Amino acid sequence: MQREMIERAKALLADGTVNRVIGWKAGEFDYDITPAVFTTAEELDAGFLYNDLCAANLSKYLIKESRKEGKILAFLKPCDTYSFSQLLKEHRIWRDHVYVIGVPCEGKVDVDTVKSKGITGICSMRCDGETVRVETLYGEESIKKDEAMADRCLNCKSKKHVVYDELMGEEGDVLDSHRFDMVEKLENMTPDERFAFWRGELSRCIRCNACRNVCPACTCEKCVFDNDASGIAQKAAVDSFEENMFHIIRAFHVAGRCTDCGECSRVCPQNIPLHLLNRKFIKDIDELYGEYQAGADPDTKPPLNTFTQEDAEPSVIYERGGNK
Amino acid sequence: MQVNNSEFKPKIVAFCCNWCSYAGADLAGTNRLNYPADVKIIRVPCSCRVNPMFILRAFQRGADGVILCGCHPGDCHYTTGNYYTRRRMTLLFSMLDYLGIEKERTRVEWVSAAEGAKFAATMNDFVETVTKLGENKRLEDLRCKEK
Amino acid sequence: MDRETLIPQVGVVTDIRQDTPDVKTFRVVGLDGKKLFEHIPGQCAMVSVPGVGEGMFSITSSPTNEAYMEFSIKKCGCLTSWLHMIEPDQQVTVRGPYGNGFPVESALKGKDLLFIAGGIGLAPLRSVINYVRDKRENYGKVQIVYGSRSKEDLVDYQEIINEWMKDDGVEVFLTIDREQEGWDGHVGFVPNYVKELNPDLGLTVLMCGPPIMIKFTLAGLKELGFKETQVYTTMELRMKCGVGKCGRCNIGNKYVCKDGPVFRFDQLDELPSEY
Amino acid sequence: MQRIGVFICHCGTNIAATVDVKAVAEALKHEPGVVFSTDYPYMCSEAGQNIVKDAIRDYHLSGVVICSCSPRMHEATFRKAAAVAGLNPYMVEIANIREQCSWIHKDIPQATEKAITLGKAAIAKVHLNAPLYAGESPVVKRALVIGGGIAGIQTALDIADAGFPVDIVETKPTIGGKMTQLDKTFPTLDCAACILTPKMVDCAQNENIKIYSYSEVTDVKGFVGNFTVTIKRKARYVDETKCTGCGICTEKCPMKKVPNEFNLGMNNRSAVYIPFAQAVPKVATIDPEHCNMLKKGKCGLCAKVCTAGAIDYKQKDEFIEEQYGAIVVATGYNPINLDKFDEFAYSQSKDVITSLEFERLTNAAGPTSGTLLRPSDGKHPHTIVFVQCVGSRDTSGCGKEYCSKICCMYTAKHAMLTREKYPDTDVYVFYIDVRTPGKSFDEFYRRAVEQYGVHYIKGMVGKIVPQADGTLAVQASDLLDNKQLHINADLVVLAAAIEPDKSARPLATMLTASMDTNDFFTEAHPKLRPVESPTAGVFLSGTCQGPKDIPETVSQAGAAASKVIGLLCKDKLTCNPCVAHSDEWMCNGCSACEKVCPYGAITYEDKEFRMPDRTTAIRRVAIVNEAVCQGCGACTVACPSGAMDLKGFSNSQIMAEVDAICK
Amino acid sequence: MLKLPIAKLDEFFAAIAAKETLYLPVDNEGGQAQYKEWKEGVSLSRALNTVRSAKDFFFPQTENLMEFKTQGKAIEVIDSRKESEDFVIFGVRACDARSFTILDKVFLVDPVDTYYKTRREHGTIISLACTRPEETCFCPLFGIDATEPEGDMRGWMTEDALYLEPVTEKGTALAQALGDLLEDADAAPVEEQKENTKKILEKLPFSKLDMEEFNGDNLLKLFDSPKWAGLSEACLGCGTCTFVCPTCQCYDIRDFNTGHGIQRFRCWDSCMYSDFTRMAHGNPRLTQLERFRQRFMHKLVYFPSNNDGEYGCVGCGRCLSKCPISMNIVKVIKTLGEDK
């Protein structure tokens, strides 16, 4: 696939369709892959990479890239296309400056997940069918691929590309994932347990803003939390309240717009399962206002920007689940 | 330490839309319908003006309960405002509940300009509920607590 | 015992003078009625209103003023707008002094001095000018070129007319950007005026003003034959925490809070162009 | 930081009896920024207002807080007083310490404490108030009426009578609408044409009225007082100014087999046609679908016979742009399509007709010249079955859930007229309920039953099966007698539900006017502003807002006209200054605000910005039309960045109040 | 050399905790190590290092500097600091142990930061030698010996014992206070462990990067390098690298109105944030390139040029494993180092 992508990119560069290519660039190890813009065939040969470790969602970069001169070729995985489509819907990307090639994704191996299995000192990593072979400072190890994948890939919502100019490989389908299982589990806890759970998680937040800055839905020119005039600007989550506030408001601001790409949880240095906040909103929206997948189509109104006269009353939350 | 609930005076912030609920609150006053002084009303043009930030801000600053009152669905002065409110607040409150914060501390109630009695009754009920819950601990900002 | 560098003292604003439509000069003393601390001309102090903000301002009064300090503050942001609303007896907090200041007791001593200022840029220079005027014997001749948008925008106009202009050995050249009724002085931008005046190449230049003025004046001075080693400026706007630790004020490896804010242009030349 | 004056009203004893007003004045005196604080028995009295005015001048106040009764009571009073004293009226805030404090609390210390808190909240807010200025926008003194039926005609006439120019845009070649197709009108049974055509003529002759017939609105820009409307004048291939309406062309036209829409296809017309004798404007129109000259370039007969030289085969659609101050929507209705009701055999038998077709069959100008004859064989029908509520009050999903309102009465009319003209005819009416709430309506219905012997049967028609002998087997149930009925009818008339005209929805989008799920336009307020749409400057007339009969339509038309006149009488509109405002540096153009705006007040612009790094960038940003925004604030919450804020109720103001209350 | 049988580890912790607050790396809910206060039942994490560095102890993410009370026109300044209590940090790795000397060069030079200084004086550091370095480690590059960490007392953990060696007076005092819990021991097992670890350290991929380019003389050349554009293009501008970094010390001072006073607090800030340098006159670092460059120039050029060649990096590798886009100081060193 990688070879094919490089050839196609070269061809599109050569015929002038595009003048840049955004993709993934190899790092020092197999897993430290950086999103990068390539402008020449040589650069592509030297560094372009696509494999089971290329996890970053490139769609957000296109906000800036599409505003530049000329057209850029973007390789997008199925879940990236949802983000891309949502960004188009919000007029954040200049569509005619982007040439999208959809590329297949079989789920990405996550180095942190591998490390959490006790494999450390990883110098190289290679997918061999369903097995991931890892070379470490301390010898060779192997791990099953599905044990090496992050939650977001294990519960992949769709292998279908919702927007593209060209597709490589077979088109996949929308999947029936179990992505709400954990949300449900939390819902079934008592409020005390839930409170304890979230305190345990959110108290680790260091307010590095990685979740926000990587999020393809967070595209404000200036975030309310950075804007002193907003009255709620905060920098370091000084009090536990501020941790809650930041994550509640952030989740609320992306509610109905979050495509559940899972980047927030991927980049969190503290391994906070932030996607569980977004998924809660998605689940509520699905249950209360009808199934809605952000980014799935260009026209439907985001659920928080529309209504029906028959919508549930807020008291529904008192009724739901009794005294859970 | 056991909180003595009979002495606990909750702080309640009530956001009322200018056209229905604020008028309903006025009517409660005109009819001398008593409700606890712990309830303080903030006038907003429409319930849809209430940003989730305001609600969290109130909790941060020491509110023990926040109630939002608007026109009945379908009667919004601006036609559609309270429909948005309804969705926004349903989701917000559900999220607070999900985080383990007592859901009884937040409420949305539709009160028309004619429902002075309902306004007073709602406030009495809400204050009672929040009083039972006691002080807001789960969504407090320790810095804002009087030392 | 280390000096507490971040904890401010409380100062009382004893007098507020409206200098121009958007500049006020505040006179500040300590709670005991005495001057808060000593300083070198060109040094700054952090003035703050708790809950509103902190701001770094150059101390515009001369160290020779034993009674009080003055800050000339232009209304531009949240804190400065707030300061413009206050009335005498309002307390503020002050910490400092910060920065190196002008080398009035070393490099500048005995020199002929040319001050070039634009707009509120007079504020840091005023401290030096008055210092030099008070210690006249230590310095050669003094020339001051000061320009502003209009007559009303000239800061310390009264002091300039009533004191500076009457001093021996002090020449003041005022200019305003556009013709104005009741103004018979020079009209034109500062850089051009400096070139017109064709100052003596032996002068040491102290310059402060808006970046665009600095840029063109420096170019003009160079054309006239001045060397960068002769020209000083101050970059106090780059100061944030005042102590050179918060990580903002550096230009390359130089920290404006500690190594500045007063720089000679040849020093700036060695630094990355990040200012 | 403001210089604030605080004024505590005793309201006689209304406040002072339970709130220690002196204590409140004293406590608030020490709040930051407060330079003056006092109390007075009646703040709203002239003397009280003078205290406020004097303090504003003497203490150079930049903000005023009045602790008194509800702002709904006296906010305007104190704002005016402040304005008189030279303070921007929006620098006044009211703390409601009567309705929301003294009147509901009995305990004096408690009420006093609450009053102080409310005062502090108002002070906190006023610190962040900024002077607001009500903008003004000029009013174009011309109205547009979309739709030339009785609703549009009446509205236009009333507006024109008041002296304002008004344009009617009608998509058909003539104005008149559905009413021209009706025979008699209930309950007085006067002839529709007799009462309508004079009004049509009035329209044509009124100097203030301009009729754009055979035209459509294709674009609407602007806002109340200032709409720019693009009107497409469809090519009619006849020069309106030259055509005399003599009709020679229609007679000579060789293409005579075009279904006549005026008679609902029950007879034919020529390719060049005048819809009916009293059409306004009375000019011919060439139907390009059927004209041989336009289709094949052969014929040209009409041009030859036209002595006025009005025929112009080269005519093109023309787009004109006009300015209007107000727009009235009068797009009317249509009977629903009956495809989904095939149990009534409408598509199978010519003798199953709609009520509107029945109108044509009984109309002297209709295909049968007013004689009631079966469409299939031209014979006189002896048994007629009327079926009510065909598609109305239908919860099955095939029809409409609402009641079409007019069917009960026109069916009674049809039944009665049939029995009167043809006493030998048996007339059955199947109904769910008969609804006759209207002046003389129930009397009318009873006359049909009692005087004319119409068989009213409460029940449903299950099926209609055309028989070999040309009759129609009607299977029905009689709910009162609880039995099945079989009637062999000669003619079946279906009272089809009515629905808004199809053009309404795209028009609503253009106007940013809201619609309900049935595509009826929604009112600004269902009770109190029934003829205004929520979009300022857009008014509703007739059935586009909901089913109604002619008198109701005419009265709503008049009401809409009076609202329009009220608007056009003003030279300038004063806007509510408490409107949304977008900070274009923070806006990212995501369109969330636009989606929740009920007034269409938000538009987007690609604007060029000079960025701090001296490059220029084109950014899509939201622009709020302050003349259209009503200040609800829905957009401010939809906007995640806070770029959108509401003047007078800004985020920081409300949060300052929250802080003060929770302190 | 002192020795503590591993079975007595809890006893050892308890003994310290009885005297002073003891912090040590503990596994948290996120499955990673984090410094937490030792309490009965808390066990030492087996992870190589904590996600957040140990700088928190001396330069916490947020700290209240002072309070203000205002009344009318009057202001009262209240130094709300309480006398800091003594504390012990156990398990600091060599990289973090070195980071304190780097922070000292910022906070303890004139004008001294008294908040930092007080904490520094009250803290006792028990460092712990590494035995299982990871691929991201490159402390040898900065002359740090992971087998012989700095600190008030240094320790080596073997399978059956904890070996300790007091280094400073503070360390000696602590060892003495622990009395008979510690016994004198032979250093041989420690030496053996060191040997083994060193073999791994030898294999570390980045421990021998070429640093020749990075000195004050090349300041302008490096600053003007065209390569910054490519290096910084994917940077998200988040603060992850700066917040996990043991030597990053940029801060912001802010006021918070609590409703009954103003709290002035200091909190971590990041030079990677877009409005970090936004000040009264504008923003001198407008693009992410400039901010990205600032961070690395500071660590690799500015800091050494002002501090006798000492780099502002200790090679702990946190930014390597935590950067969301896997851009890091090693890639910067490699890329810019090519231009010799």
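All chains are identified by letter, namely A, B, C, D and E, in their written order; residue positions are counted from 1 within each chain.
Note that in this section a contact is a pair of C-beta atoms (placed from the backbone, for glycine too) under 8 Å apart; a residue touches a chain by one contact, two chains touch by 3 or more.
Note that the structure is a prediction, hence the values are computed from the model and not measured.
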{"item": "Shared interface partners, meaning chains that touch subunit A and subunit E", "value": "B, D"}
{"item": "More contacts between chains, C-E or D-E", "value": "C-E"}
{"item": "Subunit C and subunit E, separation of their C-alpha mean positions in angstrom", "value": "40"}
{"item": "Distance from subunit D to subunit B - Cα centre to Cα centre, in angstrom", "value": "35"}
{"item": "Centroid spacing, where centroids are CA-atom means, of subunit B and subunit C in whole angstrom", "value": "53"}
{"item": "Sequence positions of subunit D contacting 2 or more other chains", "value": "596, 638, 651, 655, 659, 662-663"}
{"item": "Residues of subunit B engaged with two or more neighbouring chains", "value": "52-53, 57, 61-62, 74, 80, 84, 88, 143-144"}
{"item": "Junction residues of subunit E, two or more chains touched", "value": "70, 252, 256-257, 259-260, 269"}
{"item": "Residues of subunit B defined as touching subunit E within the complex", "value": "61-62, 143-144, 146-147"}
{"item": "Touch list for subunit A against partner subunit D, complex", "value": "67, 90-92, 219-224, 227, 229-232, 253-254, 301-302, 304-306, 309"}
{"item": "Contacting residues of subunit E [partner subunit B, same complex]", "value": "256, 258-260, 263"}
{"item": "Subunit E residues within the subunit D interface of the complex", "value": "70-72, 257, 259-260, 282-283, 286-287"}
{"item": "Residues on subunit C engaged by subunit E in the complex (per definition of touch)", "value": "2-10, 50-56, 76-77, 86-87, 89-93, 237-238, 240-241, 243, 245-248, 250-253, 270, 272, 274-275"}
